[in-house]
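So the structure is just underneath, and the comments pick up after that.
Chain lettering (A, B, C and D) follows the sequence in which the chains are written, and residue indices restart at 1 in each chain.
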Amino acid sequence: MISYSDNEMMAIAAGRLINDGDVVFAGTGVAMLAATAAKRIYAPRAVVFFETGGIDPSLDEIPMAVGDSRVMSGTSLNSGLIEAFSTVGHRKLHTIAFLGAAQVDRYGNLNTTSIGNYYKPGKRFSGSGGACDASALASGIIIFMQHEKRRFVEKLDYLTSVGWYKGGNSRQELGLKRGGAIAVVTNLGVLRFHKETKEMYLREFFPRASVDMVVENTGFPIDVSGAKKTLPPLPEELKVLREEVDPQRLICQSDMNAPPG
Amino acid sequence: MISYSDNEMMAIAAGRLINDGDVVFAGTGVAMLAATAAKRIYAPRAVVFFETGGIDPSLDEIPMAVGDSRVMSGTSLNSGLIEAFSTVGHRKLHTIAFLGAAQVDRYGNLNTTSIGNYYKPGKRFSGSGGACDASALASGIIIFMQHEKRRFVEKLDYLTSVGWYKGGNSRQELGLKRGGAIAVVTNLGVLRFHKETKEMYLREFFPRASVDMVVENTGFPIDVSGAKKTLPPLPEELKVLREEVDPQRLICQSDMNAPPG
Amino acid sequence: MERCPEIADKLMPLDEAVRRFIFNGCQLAIGGFTVNRNPMAAAYEIIRQGIEDIHLVCHSNGQALDILIGAGCVKRLEIAYSGNGRFAPTCVRFKKAIEEGELEFEDYSNYQMALRFLAGALGIPFIPTKSGLGSDLIKYGGFSPEIREDEKVANLKYAVVGNPFSSEKDEILLLPALTPDVTILHAQYVGEDGTVQINGLTFADLEQAKAADTVIITCEEIVPRSFIRLDPDKNSLPSFFTDAIVKVPYGAHPTACFKFYDYDPAYLKLYRKMAEDDNLFKEYLDEWVYGMSSHEAYLSKVGTEMLLKIKANPALGYAQGLERK
Amino acid sequence: MERCPEIADKLMPLDEAVRRFIFNGCQLAIGGFTVNRNPMAAAYEIIRQGIEDIHLVCHSNGQALDILIGAGCVKRLEIAYSGNGRFAPTCVRFKKAIEEGELEFEDYSNYQMALRFLAGALGIPFIPTKSGLGSDLIKYGGFSPEIREDEKVANLKYAVVGNPFSSEKDEILLLPALTPDVTILHAQYVGEDGTVQINGLTFADLEQAKAADTVIITCEEIVPRSFIRLDPDKNSLPSFFTDAIVKVPYGAHPTACFKFYDYDPAYLKLYRKMAEDDNLFKEYLDEWVYGMSSHEAYLSKVGTEMLLKIKANPALGYAQGLERK
């Protein structure tokens, strides 16, 4: 049995959700691993791009931030924020955004702003960055989280980014005509959203996790009735991740890095 | 006595109105001669640019249209329409636009659209192009006209571009916070606008013209009380125009070319 | 074309691109400006295929606009400017069509049209500007209420609103976004990876492309990936915005293509002369458009001598000393 | 500097540029993004000159933002993101300042801030977007009514309006334009003609510059006119938008400057460590900012060894194989 890190399992599980031809809006850390791995393994015609404006960089080394010079190198095009975000929202593209968060609620809404009173918070995070925009404008978002009760909450301290809002059709009624949360990928498994109610449920748990671990670490009741065990990382998936995507092992070898908070 | 064409006299008279440091938005024909001559003779630190996006081209040959490749050659920057028009309106720049028109009224409003019923006109011209925009947004416009009664009219058939609107403060009241018509340069002389009323008056008549010719060819009563004869083109002005600005004599040698209508 | 697996499904001949993507009644935007980089080969092909009832949305598209109108392909027009510089202060067939009441038309300004394409590119429904306040561009809407019910026509030409961020009275125009069914651009280069590179001024081409549902790129050259990716700061559009890529050398003739060739003054003068007369214009179309089986045949008719005369000096981008009187 | 008559009145040393154009209470925008092309030398000089009460308007300006806040120069902040990638998921001094209630602040998103700069650049008072609907970015305004009376603060954080061009209910956000008093960018090149060229991603730099009253450009190199005009398609800003041009090699250190140098991971880690503790951070400022007579002195302290390590491979734009853990 091959050993692998949480980050590797998460990147692979998320990468498997990408379809060929998707235009993938990547963040940093595991999100970038997942996006790059997806393109190299599952979706060769996917295009990876960054909110800073870099489209389809060669990514010979893994960037440490979306402002890293590595997202400008070997690109199709170097532009800027306006171009990147209008691409995220472009009606003719199927755009998928990878995002991290400090808190998520059952409808896939995200908090990356603060805990406690907004004006004098107990804990302040980095803020929206492009998360609010990608959540509003992309065809869908895939969220990376550490699976902890304090992060999977009944009510967000601050709603930075709209997922399915209040469930049902409420997102559309806001005027957001497409998009919504596709999945939450955690160190324990993959959660999806019910078609009608838009409530989160457990779809897969990772080989090293269990349904009970998910229930214990989720701060709201969660449907786990249909959950199945995830296929572990395949040797060829790990090979691409380690040899092509992150040869310096900056992200692969550790657990999930740099989640807000 | 040196002989010179109407176009040469007009270009020189208009060029003399440009100050060092002005950012000059040039059209084609005489406007381009005037802009280029101004930079080479009177205002070396002026910058000439075009609505198509070309900034400070070398203009080794005179362009025949603002879309001519000659406005993209040797530039500081090649951009596009959005950049060019936002430059025209930029609050920190003193921008002067050179425009032509088929009709002008006493307040320096312009028609480049049509004569007669708008929906089925007796005569259709090219339309606004950038004229409406430059008139609205620039620090000032300088207008080139053939001096004819049918062009200097009591009422425009169509108001394409706002000069001083209805005179007085009416331009400001529209919400246009700067700009207005600085001068009309015709084949007969230079007309300016009264400070308070914003009504057109004759400031200069060209050496080959007279006050009477201006009165006869203007379709509304015009104040000519303070008019003075223009200094004829100086040898050095003509030398620059003919040898540097328009060495192929495409515009210099003819009378005013290509006025709409 | 087998050398380009990344764009294999987008590379196609011109007739196929027009057949697949241009349809009767479509709303169409074309790139270029007056005498530069008009997608002329595509315009000729649209005429040959007899496409009708086009709703053309233009800032200052000179030559392609005029020939599409002249050939009867255009029913409806939103326009800022129809002129060809010194070659036609007002485009001739456009002028005739308006004066004879043959077009549904509405006037805007160049900045307004560029901003409307920008709004479409940004995916926002409108964009504000001060340009147009007080002018007859606002006073006279060109389209009838029936036309305004068409889903590709905004329900209002403009809206004038107060600025909610100002404590004083501050009125501003809102312009409706444009989202054409199809945009056609002529570019210098497309890479084997689908990246588009336009050299020189881009006019409103990029906004027009990003605003559209479908984008056709005709280009002078398909170039290796290594060439197009050498300096990505110069590139114009990533592959995912384009739907058809067509290699058509001299595809902008008789308009110019910066660094490749200049405009063709003799052709533009001939065009103008023939356009002035209805019968001569029919002859012109028969001879230069319908009578041509392809753009290659058209270029043979233009002739090597002229193609050499208008060949651009690559250092300057235009044909130095070209006879232009 | 005598070689550049065209820009003689704009070329100046860094201390002069800051002294002339940055003032207490000014609204300031800075270019770059998280760990890239922050105008760090300018930020250090602002701190050395003791500028106070700055109103900083930012999308994601990581390192410069954090040090300006940490040094007490910033009173008011409009912000989308304060992080430095892996080096500081949330910028440390920013985080402390917010948690301790030391800043007047208001949150936006990156696109919202970029659009607000775009609106300022276009000279329009507001710009619409769908991004933000339903979020707490709209629900919570950060500024008090008194602050909103300041002429550089919009009277509303947002306005939600109906789209007048839609027959159905269609709500949209309007964002107020930003027009900073000063924008500072760090660029790779400025030509002797004043043309600015930025290589690689431009982030929102160009919109920030065009939106501002005053623009300071720090740059790696002043280059001949013949070099900067070789390919104008690559250039970023014409001379007339800039007010001060300052040559500061390594002026973005410890952030990266594409094609010139990478970020300095060791420095960023040291910074983070010292920023975590108030006393250590004072030491850091004394040692690395107040104690430096100039950026040259600062670079000597960084040391040749590190400058060589972070030197970018010009073909790649970054330092290949740099130790980044």
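Basically, a contact is a pair of C-beta atoms (placed from the backbone, for glycine too) under 8 Å apart; a residue touches a chain by one contact, two chains touch by 3 or more.
Keep in mind the model is a prediction, meaning the values are calculated, not measured.
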Of A-D and B-D, whichever chain pair has more C-beta contact pairs: A-D
Gap in Å, rounded to a whole number, between the CA centres of chain D and chain A: 27
Centre-to-centre distance between chain C and chain A (centres being mean Cα positions), rounded to whole Å: 40
Distance from the mean Cα position of chain D to that of chain C, given in whole angstrom: 38
Junction residues of chain C, two or more chains touched: 115, 122-123, 130, 170, 172, 200, 233
Set of chain A residues in contact with two or more other chains: 72, 74, 78, 82, 89, 137
Topology of the chain contact graph, where touching chains are joined (line, ring, star, complete, other): other
Those chain pairs that satisfy the touch definition: A-C, A-D, B-C, B-D, C-D
Footprint of chain C on chain B - complex, ascending: 28-29, 51-54, 60-61, 63-74, 78-82, 85, 89, 113-114, 118-133, 136-137, 158-162, 165, 171, 174-176, 248, 250, 257-261
Chain D-facing residues of chain B, complex: 23, 45, 47, 49, 55-56, 72, 74-78, 82, 86-87, 89-93, 137
Chain D residues touching chain C - in the complex, by the definition given at the top: 115, 122-130, 154-156, 159, 161, 163-167, 170, 172, 174, 176-177, 199-200, 231, 233-234
Chain C residues touching chain A - in the complex, by the definition given at the top: 6, 121-123, 191, 193-195, 210, 213, 228-229, 232-233, 235-241
Of all residues in chain C, those that touch chain B in their complex: 32-36, 59-60, 62, 79-87, 89-91, 94-95, 98-99, 101, 107-112, 114-115, 118, 130-137, 139-140, 142, 170-172, 200-207, 256, 258, 262-263, 312, 316-318, 320-321, 324-325
